[in-house]
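Two complexes, one shared chain (subunit A), two partners (subunit B, subunit C).
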Partner chain A sequence: MFRNFDIKSLMPIIVLIVLVVFFTAINPNFFSLRNFARIAIAASPFLMVAIGVTFIIVMGSIDLSMEGTVSLSAVIFCFAFLYFGGTLASGGWIALFAAMCFGMFYGALNGFIHAKLLIPSFMSSLAMGFVGIGATVLLTGGGIVRIDDDVFRMLLTYRVQGFPLMVYVAAFFLIAGLLIQKKTILGRNLYAIGGAEDLASASGVPVLKTRIMAFALAGFYYSLAGILQVAKLGQAESVTGANLMFLSITAAVVGGVALWGAIGGVFNALIGVLIVTVINNGMVVIGLPDYIQDGVLGALVIVAVILSTNRSTVKFVK
Partner chain B sequence: MSTFIKDFIEREKISRRNFLFASAAGISASALPGLFAPSSALAHGHGGYALAWSYRDRASAYWNAIVSGGEAYVESLGLDKSEMVNLINEASSEKSLADIKAFLAKNNGMGAIACDANDSPNARPVVEAVRDAGGFISTIWNKTDDLHPWDIGDSYVAHLSWSGEKPSEDAARLLIDKMGGEGGIVHIGGIPANIPAIERLDGLKNALNDNPNVELLDVQSADWDTTKAADVMASLLTRYGDEIKGVHCANDNMAYGVIEALKAEGITGMPITAFDGNPEAVDLVMGGDLLATVFTNPHWGGGIALALAHQAATGAFVPSEEPNEHREFYGPSILVTPDDAAEFKKTYLESTPTYDWTDRWGLSAGQIQYK
Partner chain C sequence: MLEFQNVSKEFGPVKALANINFKVAKGEIVGLVGENGAGKSTLMKIIFGAYQADSGIILIDGRKTRFSSPRDAMSKGIGMVFQEQSLIGNLSIMENLFLGREREFQKCGLIDFKKMAEASRYQLAKVGLDIDPYMETARLSFSQRQLIELAKVLALEERSSGDLVILLDEPTSVLSEDEVTLLFELVNNLRERAAFIFVSHRLDEVIRLSDRIYVLKDGELVDEVAREKAVASHIQSKMVGREIDTEYYKQDDRLPFAPSPPLLSVQNASVRGRFEKISLDLHAGEVLCLVGTEGSGREAVLRAVFGMHKIDNGRIVYFGNEFLKIRSPNAAVENDVGYMPRERKIEGIFASMNVAENITSCQLPAYARYGLLNKAMELGLADEWIKRLSVKTPSARTDCNRLSGGNQQKVVLAKWRSTGSKIIMLDHPTRGLDIGAKEDVYSMIREMSSAGIGLLLIPDTFEEAIGLGHNIVVIKDGRTVERFDCLKQKVTPFDLVSAMT
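Our next item is the complex of A and B:
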């Protein structure tokens, strides 16, 4: 049973444990419930983006639209929330559905442009990301939209077992993502397309439909990230999704999702997000000067990818 | 839909229409100079000089305020604000220079221009082009340290910039007072290599020099970003915990993140200072969540830059007869505190003060210093 066991698949978890031990050894405060809650708050919106992009990477494509989609969903959520009375009780909950529907629609549009108009996903999604940011600037006039509803903000301020509610929301959609990946036809088709698209197509996998659905699913997860960003910061603007593109793809790869497709999945995205968030938190906690943090993060990412991905069977990299 | 979109579309329509009118008028005026010249606005307020503001774009609240200052000056001459030509460089130094040359050529050198040259090295070719064409220009923000108006001549009227050091120091002193003169401070900074980030940190350090009982626990960059500031602040709480008695932020956006990170922990009443004087920050000062922010009056800066160029052009003053402190000077800054936030909001955000544009250096904060 252990003949096919690959130590490489456990490496991301080992990397995470080593990092936790390392930071704890230098500053014991790192290993505390309060700090884990802080890491979880930072990781929650970020995890939603990483799960979304993982579905696309597994399919062998790439999605770079997340910054625009997250910002636009967050701003649409805030405007809708204010339109429906500015509190969750008065009808603000409709805004939750509005934002999620928008994310799914925007993702589907992104997928349609890529798959139907035959534009490489790299280019089409990047362009859709720019469109999203541009639309956000137009909607907000370059300003900030604030949400001051104490009930909605309980996602950040109300804690159960030491963790804010938003962490449980993220955990719920993490499990949903795992189920989609493992238990649905869509989930299995993503791996079929990522492994060998021509074979999948010949075997009757509806490639076009699957691609559009995958991008819609990613868009849905980006909209969740947008809502959690508003829960975390109480505001939305055109830069609400800033930095998430590079970080989420980095996290997926560090966690063991291979950019050439069909390898890794939602669980790897979780581990990758935790690795990146732990590094970012730990560097401040152990007192690393800010000007070397970017360099250290980059170096650790390379080390993590070397340790956690199986590259022996890769014939080429591009 | 936001009114911004409507305003934006309306503005674009108007500027396109004006462009068409201007082109038509330009052609006819050159063909029939006698017919148009006496009745045109040129004869009344311009003193013969066409007015222009050259900048990147007005999408941010800050630049919108700068340009509105230029328009207020034009209106103070009894003209419509559309008489000011907007030379939008879209973050291209080449376009900035080309637009200014074209503007001067069209007006036979009779141009008074205010300009942010997009990047520092571009300021020299721009002011030299204006000098060679016989026009007048004031610059703001971008200029290399070795370029001075007095070396170029009367064509290069003045340069206006803002220093973050002194106002940031004032904010830090207020913060230290609030902390009772002792305890630990953390500084949440901008992108480390940005000049404003460096100046604002230097301001804090100046204030700390006279306050030996206050310790600067840590300086962490959050790249001007709200999300990153929230995450960095949370990490700092793990490292320093209760030692942190005050937070000094290099801009408003990062202060918003800090406030939320503290809110997540149930910490209230921590004194926090910020910088920029954005409307949201002023509201937070009024609500007691923020101790202070700094406002730099971009409306006045945008107006006075154009006023100086135009008044030098019309001969209202001669730049070379003015001292250097009138040719390279810092713009004003106002510390917004809980005591005056409501008054400040009423005066500067809900309405715009009317300035006397002939009081040319009334709000200057002194001659620009180079380090």
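Our next item is the complex of A and C:
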């Protein structure tokens, strides 16, 4: 039961608990179902992005295309939704699949450019992110696309046990992510490549194919984030995915995913997302002025990384 | 000026060096020879301060001292010219020469490159190089870089207290014949500035350059020969040393393999820059050993068979099927070819994965239903092989980095055995293992052989080659120089050394 037990691996959870206690002590309203629902709503799209990028980080690469992919799939979803009648019942559900397929395709393209054309993932994915945002601006003409379908908006408005439906959707894909990580060949191979790429290749792991599949998987999760963002806000535009790059990578690292690969996973991403969202939400609840929140978030993130990650075996940082 | 008295060093149960008595005087060039794994590099690392001796005394000019780090050794006048060259390619010659010493050329926080270039020219003149110190070292030839390494070491002269002791680790391995002659002339001319310790596996060169030669065997200095008396054959027999113990290699279990068409046939294959026109056949049940010095191209042969190197000429036929081409490790694994690389820690085992995950790492699709891995099946397979190979592990879920080297090796073997590999290639499977673990590996090799697996083996020692192999192929500078049939003739380590060097 306590095999390989390491207190360090529990640190992210402890940090999360400490944060909850801290904010509750300052304002007891923090610890309420109402507020937890708020946190869960904010965390849902964000979690999808963090899970996506975690797959890539575990493989030892990095993906910075999330802001572009989220915005573009959100906009494509909206356009498709309107094209198919503007309501879920009229055929808007096709738009869901269209957006997911697009995310997967865009991720695969991203992975192909990185792995096949041998461009560092940092560069290729950053560029693909910009292409995505550019395409969004082009499609929307710089404007906003709105969706006004009560059935689709039930994702936000209809609540079960106090939490809106979109939280359950996110939870479903969280479990799917865990399953992919722990129980599929793709998941296992990601850890093999992140741990020792040469060895993985010498063991017959199809490295190129795995890399492209991982980016496609990440793109799929980004498109889910795009759809949930639309559910949350009722609209899509070129800034739908804004800020998600810093937040999602931060969340993965705070949660205990190692940037050099093979350590951590989907569960760590969840804890990291909760830590970052709790900090964000807590600052509002305790009444911190709007204009200093970004600065405080940055500072707290550094503190959280120091507390929650095991850096004793790291020889150098790049 | 540098003297070792009874110096010993152990790595866990393995005695790397035992009671070494060694000295080198000013103006002297001392050779150090020994077969792979005899302890040469351990001894060098102790001299250079990278390792600390467990016991014994180190004296410099008669005073007791110790080297706590390479930096400390350098300040006491020990310099090392590395085999793997240690220059930083994207920095200029002078930046390399004075790396870590830029402060000496600092003026108001800026580096005075003119002054540095001047100082560099002075250092380069010591090794007879007239070359622009602003040039990037990546643009230089191997021999020029070697000389710059030497100049870098000689630059210690002005900084260390006493005279210099310079270690030359395989300095000639990348040089042409003319360049070797030049280097030797230079070293001879530098005699009055320093004492040299020359380590090389090219015996003729050691005899040519050294005043005295120390012979290392299994971590002990077994002989000290003056140049006048140095005869290659005598030194070779000392390097090889003791008689082999047949029991130890389970030689009696070496059954002749049944005649059959070869599983693997390498025909006149070449990989540019690594090996040329190598031919060999491997049959079911055969253990074929490739013997040669470091860098002779043995590893490259295995990698070519495994699809990691592209063949420029000739061909490799697998299982008698001329149409089967293996161009990637992935294809090799799919066609039942397994490869256990030499660096177990880097290339052999996924340290952060557990035993079961390591064993199935090359056959995941067989353990998946509808895309999901069947962990029960995976653990079942792992448990079976843990039992069959008696791997000492708390459980199949234990992380591999918590296992001993021998048991890690068993896990790697289990990985290839359990996939049903028909050709298994092992590169130094016993390197770094203690005697007991080595014997386990020998038994496994025997058992695989009798199960009809073809084994291509790069052994750690000559005794292993002779004790385990049915056939031995000696490779020198990328070419086959000799073949031995161990069932028909009695091969001695001496035969192998003579063919190799």
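In this section, the second predicted complex is superposed on the first by the 315 of 318 C-alpha atoms of A that agree within 3 Å, B and C clash if a C-alpha of one lies under 4 Å from a C-alpha of the other, contacts with A are read in each partner's own complex, and residues count from 1 in each chain.
Everything below uses one rule, namely that contacts are C-beta pairs under 8 Å (C-beta built on N, C-alpha and C of every residue); 3 or more make two chains touch, one makes a residue touch a chain.
Quick caveat: nothing in here was measured; it's all calculated off a predicted structure.
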item: Overlay on subunit A: subunit C relative to subunit B, clash or fit; value: fit
item: First, second, both or neither for A:S90, with subunit B first and subunit C second; value: neither
item: Partner chain in contact with A:D198 - subunit B first, subunit C second, else both or neither; value: second
item: Partner chain in contact with A:Q235 - subunit B first, subunit C second, else both or neither; value: first
item: Arrangement angle, subunit B at one end, subunit C at the other, subunit A at the vertex (C-alpha, nearest 10°); value: 120
item: Most subunit A residues touched (candidates subunit B, subunit C); value: B
item: Least C-alpha distance (whole Å) that remains between subunit C and subunit B when both complexes are overlaid; value: 32
item: Subunit B and subunit C footprints on subunit A, overlapping residues; value: none
item: Subunit B - residues contacting subunit A, complex; value: 1-2, 4-5, 8, 59-61, 64, 189, 192, 218-221, 225-228, 230-232, 234-239, 241, 256-257, 260, 263-266, 278, 280
item: Subunit C partner contacts - residues on subunit A that touch it in the complex; value: 3-4, 179, 182-185, 188-189, 191-192, 195-196, 198-206, 262-263
item: Residue ranges of subunit C touching subunit A (in the complex, touch as defined); value: 306, 308, 329-330, 332-334, 339, 341, 346-353, 357, 361-362, 364-365, 368, 371-373, 375, 394-395, 397-399, 415
item: Subunit A residues touching subunit B - in the complex, by the definition given at the top; value: 27, 29-30, 32, 34-35, 38, 41-42, 137-144, 146, 153, 156-157, 164, 229, 232-235, 237, 239-240, 242-243, 280-281, 283-287, 290-291
